[in-house]
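Look at the two complexes coming up: chain A is in both, with chain B in one and chain C in the other.
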Partner chain A sequence: MTSIGASAPVSSFPRAPVVLVAMLGLFVLLSLCGVAFGSTWIPLEEVAKVIAGFGEKTQNLIVLQLRLPRVVAAILSGGAIAVAGYLLQKVTRNELASPGVLGVVDGAALGVVIFLAALSNESNALVTSIAFQPLAAAVGGLCAIALVFALAGNQATSAVRLLLFGIAVAAVAKALTMVMMLIGPIYRTTQAARWIAGAVNEVNWSEIQVTFVALVPLLAITLLIARRLPPADLDEVSAQSVGLNVPVARLLIFALAAALTAVGVAFVGGVGFIGLMAPHLARMLLGRGVHVGLIGSFLIGAMMLVAADLLVRVLFSPIEVPAGTVTAILGAPYFLYLLMRKQSYDG
Partner chain B sequence: MKPRTAALAWPVSATYAGLAVVLVVVMAMSLTLGYRIYSLDQVYRALFAFDGTDTSVIIANLRLPRAVVAPMVGAALGIAGVLVQTLSRNRIASPDTLGLNAGASLFVVMASSVLGVSSLMGLSFAAALGALGAALLVFGIAATAGGLSPLRIVLIGVTFAGLGHSVVEVVLTTNEAQMQQLLFWLSGAFVDRPLALAANGAPFMIVGGLVALVLSRALDALQADDSTAASLGVPLFIVRGAAFLSVSLLTGASVAMAGPVGFVGLVVPHAARWLVGLRHSRQIVAAALIGAIYATAADVAARFVIYPIEAPVGAVTAVVGGAMLLILLKRRAA
Partner chain C sequence: MTDDRTHRIAVRDLTLAYGQTRVLDALTLPIAPGKITVLAGPNGCGKSTLLRAIRRLLKGTAGQVLLDDVDIAKMSGKDLALKIGLLAQNPSAPGDMSVEELVRLGRYPHQTMMQPWSPRDAEAVERAMAGTGVAELRTRPISSLSGGQLQRVWIALVLAQETDVICLDEPVNHLDIAHQLECLDLVARLNREHGRTIVLVLHDLNLAARYADELVFVREGRIAARGTPTELMSASLIGEVFGVHATIITDPVHGSPVCIPASRSSAPKAAAEKVAEAV
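Let's turn to the complex of A and B:
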């Protein structure tokens, strides 16, 4: 941001909407590619035909039962995690924050495995509706982040300290998840790779339906209260002076972020670093506006997970490598770069 | 904060003797307790008067290796923890919070599945190399970024560890490894480790431990700060290099034997300092004994937390270690 005066006419040009439209186009293209690529290539126009309802039988089967579910799952959970990351970064005024390092993801995973282990009968069938799985994830995630902030207390103002509390809580939650996976029905242990790394390949339509139903109201609430998000550079006193009740707003946003993350990971598992990177990218491309930032985060997060899944399919096919490993491998160096760049995080 | 310590309330030799007794007791528990509970008499017959019965076979082939591997790994990680905490002057550092465990397991997995190394010796070397690489990388980053705070170094180390785990996961899944194997290389276990592995790792650990003991005076001086140590005539570069080598041998050998068993190196040094004070010659011996006790006890506990199924011991130590890390952070120990 140098020479603001000179660039004033340029910056008055509405850049954000244009970028947003371009992003949307890229998003649609990438999603279609996500459906088109795989062990057999299906041309894009065929994909469009199937989705419009005029496809052949075999292609219908491949697209609707195999390819489309994983793309849709990737969109929903990548987007949800990214939005949660945006909210957390905003409300903690900490650009290193994300659902992963604050323990939300591992807490949510623990919630789910406890739910599966506690509510299954002898024949390994769930005694209750699977629709409750995101709820269990949300409770777990919320408990974890509450624990992190309760333990950190006034140390939470230091970016690095807060993260270490989060990492410690996450480590405990992860270990407990491993133990719970062994208690639970054996066949679910084979699904555990999802929980360790995050994979979209086994998600089915009924799980997507549950995710979708839970996600839409959460995103709507997020967009509605976005206006009331405390600005990043606003401390509590000045916030109160303009009529914002910071503690309550903050609590609400934590709950919202935990719920979004939980819905995002409930069926897909922990996906590393999307919650960190997508909001950064959104801010870089779209500026500081809250609404465009949220929408941009959702699109970028969705694209990241779709692209990661596409990458593992192209690189390792026919073996199913969890998509979360790709985002973790790409995200970790970025996180390291952020850590090394600034000394001001210690507080 | 005042260092809370029980040090020197009684002679150090008495402390060592007490720890040794406890170690013998937990090792006996490791041999007798489990899914089946055996008597000491049965254990004695299996080990010293082998009669070929099922009981003897189980004890000699399944229980004995665990009762040997667990204390070795615990002792090695305990000593490595003491060295790492002194080298980084950081009370929340440990081979795993600095990513050394993950580096070692990454190199083992790479060596065995990409390069096709299968000899135990080769894998132990790979593990030591991986630990050394991770140590140099993390400390190198800290040095080039102009002295990072202890907290930041640990964050970098943890991130490296996560990165290593992800790569391990990719390598193992593309090699169609079983879930069991994946869990092993991500969290560590003492189950089903052949005694040959222990015999192979022992020289690495003995050399690493001896180097640590030789360095103990220099490490005492290093504890304060570099200029004090230098003015006391400590050759900083040599001492650091030797200490890194020792840490790498200890961590590498333990990872080659049992996978990355989490947070042992974080917890044990604190207990050692509490018991015997800050002098390294004592800290190292005490950490070896306490580490051996801790890992063996955790291994026994892992058999019972979700009885009759066995939990991975790495999960048990991670829960204890994570809680310990929270306590240390809360007390602002770092």
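Let's turn to the complex of A and C:
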């Protein structure tokens, strides 16, 4: 009966709005800190001034061209991946589901590696614009999920089957990525490795614009269809008998989650475990309401990636360590914790 | 009195197969409006499949299910969810969901994008919870409930859906005898007081005979017999459908027929007949 462990004694969360507002405050503060920290410390009020448009020239340059882009990229990417994770955990009725397990992240990585390997000339220079790299990531990610659905065929409506095929496709994509990196040009290999680990430091404003334009409609659709998420909590027969068209709703939600993930990882790369942890924390802090859950997931996911990026900057400066390594190092034990807790519930 | 608001369901020549296995075989069955119909039969006879086909959770390969003379295959999913409710055999929901939250899901087919939650929805949820006696449990997570309480909550969900036809697939399966009676009394009250058409799958023949207005025996994907419990509860028919020797007596308290099946190994037929004479 307990498909999700009862983490709270009473499941109504009257304080959810208060928690959400507090979360928003923390999010703003953390984002400002993300801009303030770096090789030189810029006081928070200066940061606020620059963002409001009253800064001086050098600080304008540092804040707007160097620091703000990576923070904004982290917000958009972390948030998108977290929302994708929330949708997947809902639709599969499984708190261990995340964009990683559906093959989207590994598919996107493969897309990027193939792109880098195929379009480089003998002197390791890319023959086309690097701006096409995110497109390659999106194509790779969508190909992976399409393959998952094609393989699952008639069984695509079964959440468990879909996850199993997702894991298989992810494994194959990962192996192929390794092969491509081993046979590819060395300079490109380093670049691909950084992308695969997930890094926000090289993202520029035009890439952020593309992400933003793609993300806004996807998030709007997510909030519009959020109404269909509560009946999806029920078993298939019960969900269908209260009038949810289960196959259609599932396909819609899976496609939406795949698109959100592809947009999230397109520039930043494979950021591990945010899609797993953020939705879970959001449910723990905000309860089961779908709208607050979605908004909370976005904020928590965004904060996690901003914080991870901040951490690698403070700890490893001047070496640029990909932020994704931090989320992976923190996320893997969390995943194991969930796995063991779930076992104790099932057993 | 209730016929004008209750929908008429008729199953006509319905054939349904899982892969190569034919589960329903050109089955025809009119469902009496405003009455309690109980489907009974041996395991694997197709009674649960029939119930799900009536709610269009499964689609037949031939034949139709008609709702007020309209083929349900042509109806929208939402329209159908407003007319026929179904309680699954082993329904499940996340354990941390509250009772009220679960019952509210019954209002899903009544809601639209523009009208997400209306006072009518709230009233229906309150009525459903009051009618099943779960209102005081409303904030409890469903994982903390006993089996009997939980089953009442699920029935409340189907009630909140406010459909004229309610299908229940073995609703008393995991309940002790007191909760079995409590649950079926609740179902009977829904029928008597609110004129709902009830279609039930039950395993226990004696409970079936006590609560059914119309009893239907299903065997190998076909209707073996249908009629009142008194008509159907005969030793020969039960022997034919279920493959057991049984003695039928009359329940001295309720007046409904009671089936006493003979154990295959021990109970001699003569002893059973003696019991029949004694009563």
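Here is the rule we use: the second predicted complex is superposed on the first by the 254 of 347 C-alpha atoms of A that agree within 3 Å, B and C clash if a C-alpha of one lies under 4 Å from a C-alpha of the other, contacts with A are read in each partner's own complex, and residues count from 1 in each chain.
We adopt the following convention: a contact is a pair of C-beta atoms (placed from the backbone, for glycine too) under 8 Å apart; a residue touches a chain by one contact, two chains touch by 3 or more.
The shown structure was predicted, so the numbers you read here are calculated from the model rather than taken from an experiment.
Enquirer: Could you say whether A:R227 touches chain B, chain C, both of them, or neither, answering first, second, both or neither?
Expert: second
Enquirer: Tell me which partner touches more residues of chain A in the superposed arrangement, chain B or chain C.
Expert: Looking at chain A, the partner in contact with more of its residues is B.
Enquirer: Return first, second, both or neither, reflecting whether A:F165 touches chain B, chain C, both chains, or no partner chain.
Expert: So A:F165 only meets chain B here.
Enquirer: Taking the superposition as given, does A:E202 touch the first partner, chain B, the second, chain C, both, or neither?
Expert: So A:E202 meets neither chain B nor chain C here.
Enquirer: Applying the document's definition of touch, where does A:A328 land relative to chain B and chain C: first, second, both, or neither?
Expert: Touch partner of A:A328: chain B, not chain C.
Enquirer: Let me test your reading of the model: by the given contact rule, A:V179 touches which partner, first (chain B), second (chain C), both or neither?
Expert: First partner only.
Enquirer: Note which residues of chain C are touching chain A in the complex, please.
Expert: Of all residues in chain C, those touching chain A are 52, 55, 57, 77-78, 80-82, 84-98, 100-101, 104-106, 108-109, 111, 113, 116, 139-144, 150, 157-158, 161.
Enquirer: If we count contacts the way the header does, which residues on chain A are in touch with chain C in the complex?
Expert: Per the stated touch rule, the residues are 1-12, 93, 224, 227, 230-231, 233-235, 237-238, 240-245, 288.
Enquirer: Across the complex, what residues on chain B touch chain A?
Expert: 92, 141, 145-146, 148-149, 151-152, 154-156, 158-160, 162-163, 165-167, 169-170, 173-174, 176, 179, 182-183, 186-187, 262-263, 305-306, 309-312, 314-316, 318-319, 321-323, 325-326, 329-330, 332
Enquirer: In the complex, go through chain A and note every residue touching chain B.
Expert: Listed in rising order, the residues of chain A that touch chain B are 151-153, 155, 160-161, 163-165, 167-169, 171-172, 174-176, 178-179, 182-183, 189-190, 192-193, 196-197, 272, 316, 319-322, 324-325, 328-329, 332-333, 335-336, 339-340, 343, 345-346.
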